[in-house]
Structure formats: C-alpha cells, structure tokens
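Below, each structure is written out as structure tokens.
Each of the next two complexes has chain A plus one more chain, namely chain B in the first and chain C in the second.
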Partner chain A sequence: MAASASTPHPPENWEEDDDQEADEAAEMEAFQRQYEDNFSWEALQEDEFGRLRPLDFREEQRAKRRRLLSAAATACIRRGMIRYLQIVVDLSRAASIGDMRPNRLAVMSGVLQGFIRNFFDENPLSHLGIIITRNGIAQRLTDLAGSPEAHISKLQGNLDASGDASLQNAMDMAAESLKSIPPYGHREVLILSAALSTCDPGNVLDAVKAAKQNEIRVSIVGVAAEVHICRVFTQETGGTYGVALNEKHFEELVFEHVPPPPSLATDAAASLVRMGFANRNQDGVGGTAFIGKECKLSSGGFTCPRCKARVVDLPCSCHICGLTLISSPHLARSYHHLFPVKAFTEMPQAELDTLKERSGGRRERDRDSGGMTCYACLADLDPIAVDHGEAAGVSVVVRCPECRQLFCFDCDAFIHETLHNCPGCLCSAGNESAEDGNHAEQTDAMDEE
Partner chain B sequence: MAPFDEEDDSFLLVVILETHEDLWSSLAGESQSADIGNLSLTSFIQQVLVFLNTFLAINEANKLVVIAACGDHSDILYTTASLHRESQGPKKAASSGNASEEILRKLHTLLQEEAARPGGDSARPAVLAGALSRALCLINKAQVGNGGTGGGRAPGRARLLVLKGSPDATEQYISVMNAIFAAQKVEVVIDACMLGAHDSAFLQQAAHLTDGVYLRPKHKGALLQYLLTVFCGDAFSRSFLELPRPAGVDFRAACFCHRRAIDLGYVCSVCLSIFCENVTDCSTCGTAFRAGRTPALKRKAVGPLS
Partner chain C sequence: MVELKHALDAKGHCLLEMPTGTGKTITLLSLITSYQLAHPEVGKLIYCTRTVPEMEKVLAELKELIHYRDRYFHEPGMEPPKILALGLSSRKNLCVHPRVSEEGSRESCDSQCRKLTASWVREAHATNPDIETCSFYEGLEAAGAEGVMEPGVYTLQDMREYGRKKGWCPYFTARHMLAFANVMVYNYQYMLDPKVSNMVSRELEKECIVVFDEAHNIDNVCIEALSVTLRRQTLDSAMRNVGKLKAAVDKCKATDEQRLKAEYQRLVGGLQERGALPRGRPTPGGEDWLANPALPEDILREAVPGNIRRAEHFCAFLRRLVEHLKGRISVEAVVQESCTTFLATLQESINIDGKTLRFCYDRLSSLLKTLEITDMDDFTPIHLVADFATLVGTYAKGFAIIVEPYDDRLPSVPDPVIQLSCLDASLAVRPVFQKFQTVVITSGTLSPIDLYPRILNFNPVAIQSFAMTLTRDCMCPVVLTRGADQTAVSTAFEVREDDNVIRNYGRMLVELAAAIPDGIVCFFVSYSYMDKIVSKWNDMGVLQDLMAHKLVFIETVDVVETTLALDNFRRACDCGRGAVFLSVARGKVAEGIDFDRHYGRCVVMFGVPYQYTLSRILRARLEYLRETFQIKESDYLAFDAVRQAAQCVGRVIRSKADYGLMVFADKRYQRADKRDKLPGWITTHLKDAHLNLSTDMLMHIAREFMRSMAQPYDGLAIGKSLLTEAQANAMSSGASL
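Let's turn to the complex of A and B:
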C-alpha cells in the first residue's frame, strides 16, 4: 500500500484495517472486482409472460448509440475505397487449442467466412486473398480475387493445423502478391494469429521494413495474447492490433476491418480508373459465357463493353482485356461511406416534456394517437402512454439536427446501420439544399486530408 | 424467396402511392390520344382501394400500410391497427374502422394542404427516396417487434409496392440506392408498378435487386386487373404464377458530368464518382489527378490482371 508506506508512523489499528482490506481485495479475482458494485439485477422487472425486462432501456441504448456515434464521427474522412486485402490465417498447432469452442481454428474459419461476405458487401470493388501459414512455411490458399464464393468454399474445405507459424514467410508472400496491384489500390494485410511464437528463416524485422516500404497496412487480430513483434508490425505500418477476449470479441475485432479504413492523400495516388459497365446477356442459349482459363461454360453472364468478351459474374476484371467490369449498383453500394447520415442527438427528458406540451394539440390533429410519434415508424415516443399495462420500458428519443424530426431508438439504429438515409431530411422541403450542403462539407473534409 | 412458415402466411404490405394531382392530370392527358385508356387520379384511387381491400380480405392477419408521396413530402395515410399493437394498445385500434374511408379522408386533407402550399414547384417529382426510407423504417420496426426481445427478426414477411408515375429524379439516386440496399439486407421484396410513359430505372433496379416484380402496364385503364393478378399473391402463391419477366435492367451508370448513360467510363479512385471523359480533377471530391499519367497507368493496371 503506497499510502501506508509514505506515512512514517501510522497508528497501529489503521494499518491493520488496511491490511484486512488488502486481503479482501486479494481474495477477489480480477473479474470479480469488475462486478463488485454492480447490482444489475435490481434494474430488472418481470412482465406478464415471466420474461425479464430491464426497467430502463436507456443506459443500454446509450451505450449502443455511443458506438454508433463514434462510427459516425469518423465517417467524414477520406477512405481507401479500392482495397487489396491479403488475409493471413495462422494454422500452427496453437490454432487447434480448444480455449475457444470447439477450437480456435473453427472459430477463426467461421468468423472469417462471415467477414468475407461482409467485406464484399461493403467494398464491392475490392479484392481479397488468403494465405495460410503452418509448419514454418506460408502457402497461398486463394489468389487475390473479387468473388466471395471462391474464398469461402476454400475455407470450408478441411484445414488442419500443425507445426509453427511463420510471420516472415507469410508477410513476404503477402507483400509479393500486393506488389503488382495498381497504384490507386490500398494494400492491406490482416493477420489472424493464434501462435505466441514465429519460426522465421531470417530477421523478422526485415519483413516489417519491407511492409513499410511497400505501404502495406498490417493489422493483426490475436486469439491468444499480445505478442511484441505483432505490436511492432501494426505500429510501424499504421494498422491496428487487438487480442480477443472471447469468441464474440474476436468477431467484433475482425469485423472492425469491414468498413474501408481512413487513408491519407499520400497513401495511394488518386487517379481516374477506367471501368466498364458490362451489359447483362439474355437468358437462354444465346447468353452463355465461356471462360477459357477455367474451361467452363456457364449460362447468363455479362458482356465486356470494350472487347465483347463474356464474363460470368460482376465485379471482376475482364479475362481478355483486363478492364475492370462493374455495374452501377456496385459503386452505389459504397457511396454511403462517403455521404453518411449525420449523427442524431439525444433529446433530454425536460425538453421532450415541453415539446410534448407545445405540439400536443397540433399533432393530435395529424395523427390519431395523441402525443409524439417517431417520424419514421409512428411508434409512440411518449413514455407515459407506452407504459400502460405492458412493461415496455423507457426508451431513448433522438432528433436529427438537420430536419428536427424525432426518431425512436430502433429507427435511429436502423437509419445509421442499414439505411443510411434520413427519412426526415429526404421528405422536408429543403431536401435538395440539405443534400448539397452535405456534399460541400464532404468536399471540404477531403481537401483537408 | 425467403423460407416461409405454412402456419401463418399473413404478411405486411407497404404501398407507396404517388398522389400528385398535376402529375395525374398530365398522365391522363398524354395517354388520351392512344387507345390504351387513361387513368385519372380518381379512378386510380378507386382501383387501388379495391386492390387494398382485396389484400386485407385474403387473410385477416394481413397488415397494410399506405404511404403517400406527394411533391416534397410524404404522409402515412393508413396503418393497420395491429402493426403497433405492442406499443400502442387499444387507443389506435379504435380508429381503424374502414381502410378506404380513412385513406380517402387523409388523402383529401393532404391534397388540400398541397394545393394551399404557396409557391410550391408542382412539377417536381415526388420524394420516392423519402417514402421508401420511411416504409423501410416501419417494416424494420414491425419485424424487430415480432421477433420479440431476443432481437431476432421474422424475415420474408414484408413487401413493398411502389405505384409511381413521375420520371426518376436523378438527384435522388444515392438515397434511392441506399434504400434498395437496406431492403435487400432486411429481406424486403420491392414490387414496382410504373404508370408513367417511360420505364423507371430506379424501380427496375429495385425490383431486380430484391427479387420483386417490375411492371409497366400497357393498358393503364385496367390497372386493377394488373394489381390483382400480379401483386396480390403472397410469396408462396407467387411460385405458381407466370409473372412478368424483366426485359433487361439497365445497369449502365450515368456519368456525373453530363448525366449520360455510359458503357465505358472513368471512376475516381477516391470517391468513386463516374466521368465519361478523362478529366484533370474530380468535381465531387476535388482531388487532382496527375495529368498525363493515365495512359501509362492503364497499361500498368492491365498487365498483371490479364
């Protein structure tokens, strides 16, 4: 105890007391101390079906909103939209340890499959490849490619873990494959590491230097414990490093890499990329596509506008002329990263009350239910009206700073996570000017970078 | 189609109507010359009401929401009482007597308000994006509510039907596409019926991406017939119907500089804006591209990929 040590002659009994306290604290495990003053069960209530419901949803909802807001705050920055991501999966014998259920390997593979789907959902113009490392060497599982299915089917095949991981070999291979990508692409490596050691042919710090030189951003998610060399890798290359506490946390850490990362103007050269908007072929015999490399005939498909070759699926690069082929929805899917919805602000209870009194009469005429309703879903926002009979709980009410409309918590989450549109702003009279303002701001933010 | 539960085949239908008086009178005017029959706002509403009542009668558990998109704003005309049963209780139930009556009453007020609005640019196309966004929020709320507190949702139980007459508003492109992707994510089918003279690329893409049906009826006077045969059946009965096939969706993008539809274009690598010609700086994000580098870059880009 630092306090008792600094006092030259502490009273006898005082010291004893202190010792006792220290004993108690020592008896408690670290995880127990976290819950010492936590009486969360007192905030629960049983409803008529015997289900437990929280009395006050607001704390929980606020915590969720904080996460959303932090995402919204970082939204107004330049991002690397065209990504080339190499995933390195550690299949050393440490991956077969069963501290995650059923074992680390199964958890990593499952999360990775989900990640790949989400990655292509959010980054349709990006490419991804998988490298595995075991027995001291690195192997390429899939090449850099744009379609999620190929990667996922490879991951579903039997992968067995053995030997040691080799960080240097894996990084060398990743750097080699990322060397040839076009200059506007963002080079990234994501390592899922299980081992606490690495078995390398040379100095592993050379790999760090090489990654830095090639402007590769290395991020690592570990399942075991923090390893110094991993920290060095991420710090030197501007990536992130996280160690998972459990399966859920591991998934969260991996999924943090789904949205495109912020980028600096110096990271990748901005350029105009030539792209083709491929036409869809007709169904039936006339619309078949033949890819010579795989020697496969498939129905449907798209026609490259430059060389008239046919490809099976979009987005891809034409196998004849190399043109990037996309369709306009692929581009549109990425626009919400660039033009995000403003974060809504929470309404304090007092303000809500005055608003209710003031606008109660007017709204009663509009809507048949009295009181205030969520602009988007018409759910009642009045906690007293909600509370009759059913233990619905008190919910957070938010307001859009632009259109001043009120929204309920569910809609707030839906608007910011999935929809990326503010219904109020789109429906208000000044909708065009509002959108323009948004764009202008965007431009400013990008200039600053 | 989403997996469906044979026990309960009721579902939620959200209808978005475009109720702009000027639009309808202009639509009626342009089609009078041909023998395809015309459609005034009155007969449009009449036919839609018959369709909505049929939908409600097919299954008593069916839920209905009607949203009007009118000029600059949208209004929710009708919601089935049970939609907000959990949160709103008996207060709301009392008001749901007759769907048609309520819709007509609200529509009447809405049109009067719209007419009274001073200086409004009546030629502006309706806020499709806003109405779609509101509809999706409603559906999301209903699905989250059905799934209970566990957070699970009941997918495949909701459908959106858009009845639209005005041409697409290109400035709404991003927001409409956002709405379509959100619908895709929460597994909401978007059906579309285009009543204008030209195909709507927005609605075609919406129907294509969400597995819905897009239809531009040839005989607009017989709207009810189309509605009943094409848009009435639930997800299961649809598999027995010979529904109109998409003739080919236009996936070409319009460039940001001239709004021309292009096959081959240039895309800014920073903000993904589309240009039809080689420009020196991006008009959206202001990035300057290194002049003269593009041809070399192109060759470089092509090399390793082919």
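Let's turn to the complex of A and C:
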C-alpha cells in the first residue's frame, strides 16, 4: 500500500508508550480490590434464632419509611379509586440480559405476578390488562378485566424475549383500549421497560400527545438506565419514572403503583357510579345454574341484581348488562385510601435522649411499665437497654403527630400498611371526654387495648 | 471569585480554570460589572468569545444579570446604574440591508457593504442619485454625534432589530458605540489578530478588563493570526490581481492623474502621519480596510521607500515578488528556512530588501483606496501576498517559512504550498497583555495550568484551578486499557493497524451501546483513522451489531453534512431510538457542539489525540518552544493531546443535573504523565478502581453508573454544594472581621 508505506514512523521520543509492567500489576487489582475491601458481612449479626440481622437497621428502615411517607404525604388528596390499568411488558432482546439474577425477564415476571395480586387486593374495583411488546410490535395479552389469576396464567405462558421494543405501538394499543373507559375510571399505563431504545413506525411524540389528550397517566419502571423518551412520557402525562438499582429496588418501584394515584384536578367533578351488589348464590345442588360467559354448569357464583345473570367471581362487570358488580367488603377495602393514617415522624436521637432522662427516674421505680416502650407492642425502644437486652440492633423510633405516642419501626409499618388505624388515636378518642390534664403523661402510662 | 478580585485589585492578569457548568460566565460577569460599579476608574469589560453562539449566550446571561441588579439595587438616593452592553460581530451577522444581508460568505458581504458605503461612492451619490447607497448607513451618518444607543444589553438579534427600528446600520452603530459601552462582547480575532484589532480595539483605554473565555486554544488562535499560507492558486490569482491593478493604474493615469499625484505626495510624508489610512471615526465612509498584519508597535513610522511610491513602480514590485514566490513554490522537496535567509535570497535574486517589504501591505491598501476599488474579495490573493511580505519583512525571529511540494498524507497529489508560520504564540498576545491592565484567561481545561504563562510569556498575578463541588458523582471518568480478551488497546502508531485492537474497540462500543441509553459520542484521533476503523468495523460486522442498538452518525469534513448528521443524531436521541455520533478530536464538533443531557450520556475517547507529529509546522514550533521557552517536545505534545481529550469529554457535562460516563480508551492514559495533565475536575473523580479496566469491567461500571444516576435527583444541593443562608452569613461576617 502506497499510503502506509510512505508514512514514516513517528519519532520514538515524542509519542513514547513503554509499558510500565510493575505499575500495571499493582493497579490491576484496583477494580477487584473495591469488591475485596467490601466487608459487608461484618455489618451483619446472628441473633438467637440463627437469623442474620444487620447491626444498624436505621438506614434500611429509613428507606422503607420514605416510601410510606410519600404515600402518607399525599393524604387528603382525591384518589382515583376505580382504576383501569394497562400494563406494558417489554419483552425485547434486552429483557434477556442477565445483569439481574437469573435474568431481567424472570425478575420482571416474578414481580409483576406479585403486583397483580396486590393490585386487586388493594383496588378491588379496578381493572387491569396486559400488553407485551417485542419484535417491534405490540400484542394484547389480556383484555381489561378483574380476575388476577387469569392474567397471571396468561402471562406465564408468554415469556420469551426477542427483537426490539416499540413504545409507540404499545402506547397506541393501550390508548385504544383505555379510550372507551367511562369518565369516572382512572386511566393508567404502567410500562416495565428493559430496552434502552424503541423501534417505532412513526413519531413516538405523537403517542405522547395522544396519551395526554386521553388523560392517560403513564408510569414507567426501567431496569437498566434512564431513557429520555420515557422521561418525556412520564413528565408529560404526570406519571412517575423509576429506574431499578437491583431486584429489590425494582420490586419496590413496581409496588409503588399498588395504591391508587392521586386523581387529576380536571376530573374532580363528583359523579355517581352505578354499581350492583351481587347476591351470593346457594352452594350445592340447589343453586346449580349456567354461570358466566362460558355458560358452565355449576353451583355458587353471584347473581347480577339488574339482569339476574350469574357471574363466577366478584368484582367484575356483568357480561350481560355491563353493570359493575361488587360486594360491600370490596368497597370498604378501598375506603382507607381516602383517609390514610397520618405519617409518623421520626424521633431525632437528641429528643429521644431527653425523653429517656425524664423517664429515667420513673424507670427505677417501676421497670416493667411505661418508659421507652412502643405503644403498640410494648417492645423496649431504649437503645442502651438493647445492648445488654434481647433485641438486637438499633432501630428507628417514630411518633404519631396526633396522639404523640411512640412506636417501633415494625408497628409503624404494620399500622400504615395493614391496619390503617393508629391505636393511640383510637384510644385517646375514647378517653377524650373522661380524661383531661396532661394528655401525653396520661397516655404514656396507659396500656395497650 | 476571590482570585479574580485579587487580580483586579492588583491590576494584573490571571489564569482561571473552571469546569464547565459551574457558572463560569455569570461569575465573571457579575463580579466585573460590580467592580466597574464600585470603581468607576476601571474601564470597559471586553469579553472575548470564540464563536457567535457563545457570544449570544454571554449577552443573554448578562441581560438576566442586569435585570436582577436593577431589581435588587437599593442604594439610597441612587438610581440603579445604567449599563450599555453589546456584541460586535462581522457585517455578515449584523447587516440589515435587505440585499447585502442575503450574501453567502463573510467576504462578499463585506465587499457588498463597502460598495454601498465607501466615501467616494457616497460622494458620487451626492451628485448622481442613481448610485445606490445603504439607507441604514446614511441614517446613522445623519444622526451623527447624536447617534447614541440607550443603555441596555443588546444581543446581536436585538442590535439588528434596533437598527431596523432606528434605520441605523447595526454594524457601524456597534463600532461607533465601542467608545461608550460598558461591556463589549466580541470574537478573539478582534483582540488578537492585528489586522482587525488595529481597526477595532485600538482606541480602547488602558483600564479595560479583557476576558478570554474558553481560552484553552488561545495559543493556536494567536499563531493563526500571524500565519499566512500561500498556495499556487493563490499566487496565480495574485498575478492576475497585479495585472488588474496595473490596468487600473494606467486608466487612472489617463483620466485622473491628479489623484495619483496626490497619493504620491502623501506617501512622501509617510503613511501614518499624513493619515493616508484614516481610522475609526470620523471616517468619511465605511470603506475601512483591514489594518496592517504586523503588530502596531512593529510598524515603521517613516516615509514609504522611494522605489514603491509611484503606483506603477509598486505594481512592478508586486509582479516581481509574486514571480519570485512562484519560483520558490515549485520545489521538489520540502524546504524550511528562517525569515533572514529568505530575505537574503530575495535580495540576491530580485533586489528587494526587507524594508521595502515591510511597507508592502500599507502601500497596497493605499493604492486600492486611491483607485477606489471596492470589491475587496477579488483582491484577497494579492492581499495575502502583501501580508506575507510585510510579516517576513518585519519579523526576523519566531517565524519559519516552509515550502512543501505536496501534502504528506497524499504524496501523489502535488499541492505546493508556502507557509509562513508563526511559532511564537506570545507575539500576538503580547500587545494585549501590555496594553490592558487586567487580562483574564479562563476555560474548563487549562491543565497543566503553569504551561500557559510560559507559552504566552506573561506573568499572571493569580493562577487557580477550581474543582467542582457536585451533589452527586455525576461524572464517571474511566480508563480502559484492555479489550475483553485482555490485549492492550491503544492508537499508538505500532498497534494502530492491528485488527485485534480495532476489534476490541468495536466490541466495546457495541456493548456500551447496549448498556447506555440515548446518545453516545465517540472521538477519534483523526479523520483518516476514523475512516480506517469504520471501514474495518464494517468488514468485521461490528457496525451491523452497533446499528441493532443505535443509529450511527459520522462527522465529515463538510460542515453542512456534519450539521445535518448532528441534527438527525439529536432527533434519534429525542425519540428514544438512541444514536452514536462518531467524530474527531480537534474537529468542529469537539470544539463547539455541546452534547448535554440525553444527547451525550457517554463519551468515548479512542486513543490519545496527538497532533500530526510529522507536520513541518508543528516540528518547527516544537523546536522553537524548546529553544526559547525550554519546553520539552514530548511535554508539549502530551499537554496538547490531553487538553484536547479533556475538551472532548467535557462536552457531555454542561450542568450539575447532567451526568455522563467518560471513557478514555487507550492504555497510555494509564501513565501518570498523561493523567496528571488532566484538569482537576476530572482527576478528582478518577477513582483508582476505574483505572486500567478491561471491557467487561467497564460494562459493569457503566451499568451501575447509569442506574445510580437515573435515581431521582432532588434538591439536596443545599448544604453540600450550595451554602445555606446561615453559612453564607457566617462567611460574610468572617470576611468583614
């Protein structure tokens, strides 16, 4: 080659690049060293049951609390109780990457199944459908419907990843199905995305516009990295966008979508929704009838109060007259979203110390009652006592802003996630008229109900 | 800011390295304008930028600042201070004349403007109204001394609108307002290039504060300002120009001999004293030529030598000179000589001495003026020759003349060229340092910062390299030394062609494309290397794999094509398809285009962007640097290469909310002598664990980094990178104690 032959060698001393073998060997391990120097197991301790527990719970607990707080902070906000959620699952090539164990796809489907169950637990009045996208197209897996098991079984049968994801196709399909939802329904799309690029037939920004027009709230949970177009989608439609750091974080991000989102101001006008409280049929031979769309001959099921058709399960919409059929417990379960327990505040260490000082004297006298204990479960909250006590680790202590009772972390989580009532507030409400004076002192000494 | 204040107080120069996205511009502007307010004896702020968009950005920021100041200025009994700030650019950017502003190039715009505004054209217009003049220029002339702009901040766009509204020519208004403005924003050239600065910046008072922004390449700008390149085509057309001149002189002699006589008389008295080249205002017209290419202090203040005083003699002189140069250019081998030897041969062969040469440029300008020639762009070649002659005549040191029969890279194509190359960057910048009391040189990449005072030959009172305080580690510089198969990767000359290295680079890019969202920018060391590697990748199938993840765009030498590619690259990033942009260090993209936010989530620097070390000019310069400033060749080359690399990777971070992965893919970055030349804001983020990586380690880091950066970025900035109110109060009380 003429060109390369005539290009002479550049002078050695200018562009030198002699190897520094010794240095290299030393720095070779710098990358590995950061993992070797990571003695994460030393932060763990074995408790009396042989379980591993971290020495310091507080960081972990605070993170968990932050999630709870964000839910509680939006208290008194109107929520969309009747949700129509389209889940888009990205089954592109990128979903088969193994940076999450065993691979992204398995993690996504596992979390999604948990999500679907939880979703119907918390939102019995809502509907859900699944769309998958792969090979550049979108495909409807299940229609908007109520039964979790149907979705899950369908999902499990369709898990093979290939090709590119198409955000636009998926969104078009989701928008199409959500368009016809009655105005009281809350339209949502949740996208579980693995791909970092989208392969679209046209301009994906049109899909953003369409989603905005149809008042569809698009939320995205990614497993790899922040993609600009996803950010645009969520920002424009008022949804959230999270990128998972690891499997656990992914689960948290997805489960954030279980409680209903605050409803938009535009559909704030109150409206009445026609619903039917279906009667349960007799079990046994006497109640046997053709049930549901499939006309299976069986006993049990529910009868639509309007057209007397029989359906298998609640909640659902009647396959004959289209009436939403529910039972009263379903309504009650949705109710707490409207009146959540106020967020508890974390006690700073300094305040805890002064409280301890005050209760210190009394503690000498009667050790077994009062002092620094959780109001709900009576666990000792004093970190000093913990050192030579039975409970291991330092824990976060919280206080209810209403009744000013102290609670341990576990009770805090239980109250907000499951109980949806503060025991302290409920007790004081009962005693309000009878007792007055130093309220805090009184309740301090009170026993749990 | 403290350093800057010190420099202002000490009336000295300073050198500040501030990373991009830290509010460099606003810091400079706010402190200096406030300083002007507090010390009225301080003169104007002259803010020099490299490009027109940068200029606009500065003016926009200043506008906001002044707006803020007007709102919060509470001094009893005082009005908020008024300020006049404006940008000065070429006629091309400012012209509002409906026809002239449509002109394609800067030169043609200039010459069209001259055609309408030259003094003799306007005189002719007075007698014969059919001759066209520019109404905007006439409007400004009519306003005369009253033509003063109201205080305010004017961007170029504002200037044009203002000009349209008032019926004044924005360009000449800006030139006129130079004397009144508090803040001027213009290009480097206006300050550094003696041709332009003599015309524009001459009348600035000594107390001015001069800021050079993005000044990491200031030495190259200085050198370019004083270098001349002559090709054969140039010389050929110069010859034609001489013929034209001759014809014009003859014609003039026949019709209007008086004019030539008058010129002769003026020349006897000396060019400068007699005002043969009147400058600034009040000029009788808008025909101002570019001034002498040599620095003002080096211009002889005496009468033009007798042998070129007469117009026809001068034409003959030029013809001889061009003939001689044409003889010199047709050589077989490369010739390099100093100005002294060049002059000696000149004297020997055609009897032209150095002193005559020095007047060449002024004499030519005077002649063109006398002949009332307006289409300057036709006469560019002869101007270049005159430039060349004057510089050769004036400077004996710091220059080299290099004659190359062909480009080294394309030896089969004869492309002879004579280059007069300035070797000493300090020459052009010296008058600036001498004249103005404070010169601030600032950029994101000035490391190693102690080299600049040596190259530019000045004594700064303050040198500071600022680190960046970040609320999170939004930069992740990594050094990749090995491919996935553990063979070292490098663009060093010996291994550059190695298929293994090329494959490793390719695989790395494909894997990065799979792990990084939206935009990736790659920089190669040169166009030829990029061409080679891309065609190899195509053969290896790497390019196809890459296309599966992202679209690929390539920078070319053609500006229009590159702009189109960039535009499409942005669109691909916007719509979520993702794209890779392959470009070249030192290219247009590396110097001026930002890849902020999602346009650049990752930047890959393939190799160390050394200059083309076989270039004769570079060699001559290196030699000069070693002899004059005792700077080792390898030191300078490494410094230059690393500053280019830093410049390239700095493209992706434009603000604190932004984030980007920076991959230095060459084993030579592992060496301490390269690493310590990187600017502080990169080295502080360069962790030990991110050195000496192989591709798989890099992928791991990239994924982790992208995940952690995608987490919500909340306003936790207070307390970490922003001061709380209490801290700020504590600082101010501490300062006052």
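What we mean here is this: the second predicted complex is superposed on the first by the 274 of 449 C-alpha atoms of A that agree within 3 Å, B and C clash if a C-alpha of one lies under 4 Å from a C-alpha of the other, contacts with A are read in each partner's own complex, and residues count from 1 in each chain.
Methods note: a residue touches a chain if its C-beta (ideal position, glycine included) is under 8 Å from a C-beta of that chain, and two chains touch if they have at least 3 such contacts.
Quick caveat, the model's predicted, so the values are computed rather than measured.
Judged by the touch definition given at the top, the superposed model places A:306 against chain B, while chain C stays out of reach. Of the two partner chains placed by superposition, only chain C is touched by A:94; chain B is not.
Once chain A of one complex is fitted onto chain A of the other, the partner contacts of A:227 are limited to chain C, with no touch recorded for chain B. Contacts of A:167 after superposition on the shared chain: chain C is touched, whereas chain B is not. Of the two partners, chain B and chain C, it is B that touches more residues of chain A. In the superposed model, A:320 lies in contact with chain B only, and not with chain C.
Legend: residue contacts after superposition of the two complexes on their common chain; A:118 is shown touching neither chain B nor chain C. By the touch criterion defined above, A:204 lies against chain C but remains apart from chain B after alignment on the C-alpha atoms of chain A. Contacts of A:421 after superposition: chain B is touched, whereas chain C is not reached.
Residues 72-74, 76, 79, 84, 86-89, 91-92, 95, 127, 129-131, 133-134, 136-138, 140-142, 144, 149, 171-175, 177-182, 185-186, 205, 209, 248-249, 251-254, 262-272, 274-275, 278-279, 282, 284-290, 293-294, 297-298, 300-306 of chain B are the ones touching chain A in the complex. Every residue of chain A that touches chain B in the complex is listed here, in rising order: 51, 53, 78, 81-82, 125, 180-184, 265, 268-280, 282, 305-306, 317-324, 327-329, 331-336, 338-339, 368-370, 374-380, 385-386, 388-390, 392, 408, 410-411, 414-415, 418-423, 426-429, 431-432, 435, 439, 442-443, 446-447. In the complex of the two chains, the chain A residues touching chain C come out as 2-4, 6-11, 13-17, 20, 23-24, 27-28, 30-31, 33-34, 94, 97, 99, 167, 196-200, 203-205, 222, 224-231, 242-245. The part of chain C that touches chain A in the complex is made up of residues 408-409, 411-412, 481, 490, 492-493, 497, 514-518, 549-550, 573-578, 597-598, 601, 610, 613-614, 633-634, 637, 667-668, 670-671, 688-693, 697, 703, 706-712.
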